[in-house]
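Below is one structure. I have some questions about it.
Naming follows writing order (A, B, C, D and E), and every chain is counted from residue 1.
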């Protein structure tokens, strides 16, 4: 993707719109009376979705990256936005999950019909818009400092989401998350300034042509990567994730687990595949994958040992994030003769997207269960399948995708990665993928096994669960499964722009 | 720049520096808060004042000189207020 | 002349370092704030000296900013120490 | 002599930094931090970055110091000590940090001349922005997108701080004005300083177009003045649901966004300015931003609303 | 040894100290202080890079200088949010301040409510 002179493409304005439309939503939401904030959401969400769709169409039809040069100031002086295949796909996933979450949250974050503006709904919708804007800025940004601002925007939106309920435990979790995230972004910034000091530009496209193999570059790249790993919660920097993701209200957990942690992962891929292509050494790639493997094993085993549903799902997120890091040894193309391994590339992104849908659906289902029962102790879920069939069906479908049962998206992802391990001659990762699938089966069936079991004590449904919210969770789970039925089309799309 | 003016600058700034030293030593050696405050105000008012005074001939134009004096005045006001607040806090 | 001004700035920097010793050994918060105030004034003096020594007039604006805001931190601190008790008293009234 | 001054400054900076980490008392550590911020401002001057020195003096030492001092004073009674790490882990952390320091130092020594720079390019295009201060041109023209997003970050941080309010205090006021007992000295101070502060803030914002300074620095001075009058009880802290207050918060970023989109029709695109009106547009945006920044920073330092306004 | 190199060494020392403080210090407010020290070290490196890029009649490259200004503002916002979290965590009545009428799906993280 080396670009001699950066020029805007015809549909480039969509990119700036994708970032700024939710920003406009934030500004309007801040001033309107809290009561009207949901109406703002009804306008922001569909139009934002339409913008994301338009970007995907433009990228797909053009068959090349869409570029926008902000203010007419071309890099290195100015900042450019760039949408290639993976950013467009990320944008689409983001739009779908956010809009679904918006629909789901409608039942939870409502302003009371009477009385003054309430805190939680006001804050929630603003945070939702912010996360959308930040994620779009992250996947479209092509300037390392611009991406830093986007990262901080994401952090500042995610942290208050964790402690929206205000209990002491969630505040503690939010503070821990905040500290990890801040150290992460400072280390990233440190690497970025070194890069500027070395090459006089922060633009990823320009960097790819200028980067030299030298110690200072490796130090910079290592700092950026470690910082982003802390934000992605890769083992052993995962300690902040379970309390944070489990403590948030259900729509928040869905967004945090499905999307927010992926933002920093996306940036790691940008650095190693776009800014510094060919500079990732075999050993470094093996190290990243080894940490990923550690995440899969440790995360899954810990998930198996959880007593509470939301914590189990959060540990499962740690494990599922581990798979993404196989992209580094498998897609770089270390095997002789293969420069580029599209198989692992597609597999990793499929894993990211299917996990996003499945995990969002799963957290929503867990939220509905907790709402209905007033608790989420796994041991006391016996017979829940009879009481909440749609919710549990959504849970089961997303669980199958996480395990990798055909024909789900998770299956295709893991299958592609397995084939890639053989092709690349790195069979040792295949073992981890298989064991990870078995462990995932263990913790999913730990819940599913109780679906139709006779309850120890009769289940008491405390609150009515809205049918439409159940359907939102189900449709996301169906998306995760359907992703497996269209395995060939995305692989070309994901390679647009490289 | 005339050498007389330079000599004035050197003299005034040297005196200013002396008051800073005096204030610091007072802060370290004096036995209790009121006497230390006394030392502090000396350094604040006179030290900075003399430094600013010494710099006056070296800056270009009356506006720049005025700014130096304003800086000193600000330091004077805030110094006085802080001193008062500290006295009350101690009491 | 710049050499002399830099020398004077270094000298005042030295007094700042010595003033820090007060913070090191002090038992009372008031001592700390006094030392901080003295250091603030010293910083302003250093900035003025540097502005003339390097012939960069905008540095005077930095000195002005510091002189304007230096007292504010002290106010916040003193207020914070004293106000704690009264804020708690108010909470009890509720 | 200049080199001697730099070395003295650096030794002091590192010494104070180390001291801040090891000192026992939180309040003392915070006071050391304020001193550190002051020395950083001098360091920025020595690095020929007067714009940054102004920002550091205003934000780094001024308002961050206030925020942390207030927090340290409030936490003094609370048992806020977390769990101490075991000795081996501390040693591992120390070794790790030393390694990072060493590699950074190596990079600092390895960097060769001529250093890459965008200074000539920034100066060449300065005419088109109508500005005289290249740093302002970077902030409001070349990389305006960063600046706009950063304003959203500020607003978002404020929403985050507000979100920590107890539900009953939502729509209430921050408890700033109760933290300081009414005192004639403070009230006097809060009445004489703000006029100077406001004049200086306007000067900062205005001069920023051609000299060091700008909306950030001006806005921060305004924020500090506002905090002062609130703390002294001269002016009441506003309820966070006050409509005017919310408009004030949004005005700057909103104008920036609108001007940005106007660029699509009258210039090269989003956040572009027609050269003839560039300076006027940028100064207008900066003025609105200064006000919004003042409101945002002030409320950030004031903390979440804690109680309802007394009638 | 140039000014830029000297401050580069200063920056590396500050980064190491700050990072150590953030990791090791048990007190949350001290962690925030250390984070600010770490941030100052990183920003100082921007200043060094800018100083090295002095050209075209400027004392430093304006691009990194402008980035630092943005960075300082973001760091302040982070500090404010973190301080608010710490204060909320340790305020005396934090334990019973939960009134989640809006979050009806109140789901506790630990300890059963039922």
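Methods note: a contact is a pair of C-beta atoms (placed from the backbone, for glycine too) under 8 Å apart; a residue touches a chain by one contact, two chains touch by 3 or more.
Please read all numbers here as calculations on a predicted model, not as lab measurements.
Hopping across touching chains, the smallest step count from chain A to chain B is 2. Among the remaining chains, those touching chain A and also chain D are E.
Within the contact network of the assembly, the step distance from chain B to chain E comes to 2.
Of all chains, A has its CA centroid at the greatest distance from the CA centroid of chain B.
Chains D-E form the pair with the most C-beta pairs in contact.
Chain E has the Cα centre that lies closest to the mean of all protein Cα atoms in view. With centres defined by CA atoms alone, the chain at the far end from chain C is A. Put simply, the C-alpha centre of chain C and that of chain E have 22 angstrom between them. The mean-CA centres of chain D and chain E are about 12 angstrom from one another, to the nearest whole unit.
A separation of 46 Å divides the Cα centre of chain A from that of chain C. Residues of chain A in contact with at least two other chains: 77, 118-120, 145, 149, 152, 156, 159-160, 163-164, 166, 171, 190, 194, 196-197, 200. Residue positions of chain E with contacts to 2 or more other chains are 15, 19, 28, 45, 48-49, 52-53, 63, 67, 70, 74, 77-78, 81, 85-86, 88, 97, 99-102. Each of residues 74, 77-78, 81, 85, 88 in chain B touches at least two other chains.
Of all the residues in chain E, the ones that touch chain A in their complex are 15, 19, 22, 28, 31, 35, 38-39, 42, 45-46, 48-49, 52-53, 63-64, 67, 70-71, 74, 77-78, 81-82, 85-86, 88-89, 94-95, 97-110, 112-114.
Chain B contributes residues 1, 6, 9-10, 13-14, 16-17, 20-21, 23-25, 27-28, 33, 36-37, 40, 43-44, 47-48, 51-52, 55, 58-60, 64, 67-68, 70-71, 74-75, 77-79, 81-82, 85-86, 88-90 to its touches with chain C in the complex.
On the side of chain D, the complex with chain C involves touching residues 1-2, 4-5, 8-9, 12, 15-16, 19, 27-28, 31-32, 34-35, 38-39, 41-42, 45-46, 48, 50, 53-54, 57-58, 61-63, 65-66, 69-70, 72-74, 76-77, 175, 178-181, 186, 189, 193, 196-197, 200, 204, 207, 211-213, 217, 221, 224, 227-228, 231, 307.
Residues of chain A that touch chain E in their complex: 77, 108-110, 112, 118-121, 145, 149, 152, 155-156, 159-160, 163-175, 178-179, 182-183, 186, 189-190, 193-194, 196-197, 200, 243, 246-247, 249-250, 310, 367, 370-371, 374-377, 463.
On the chain B side of its complex with chain D, the touching residues are 74, 77-78, 81, 84-85, 88.
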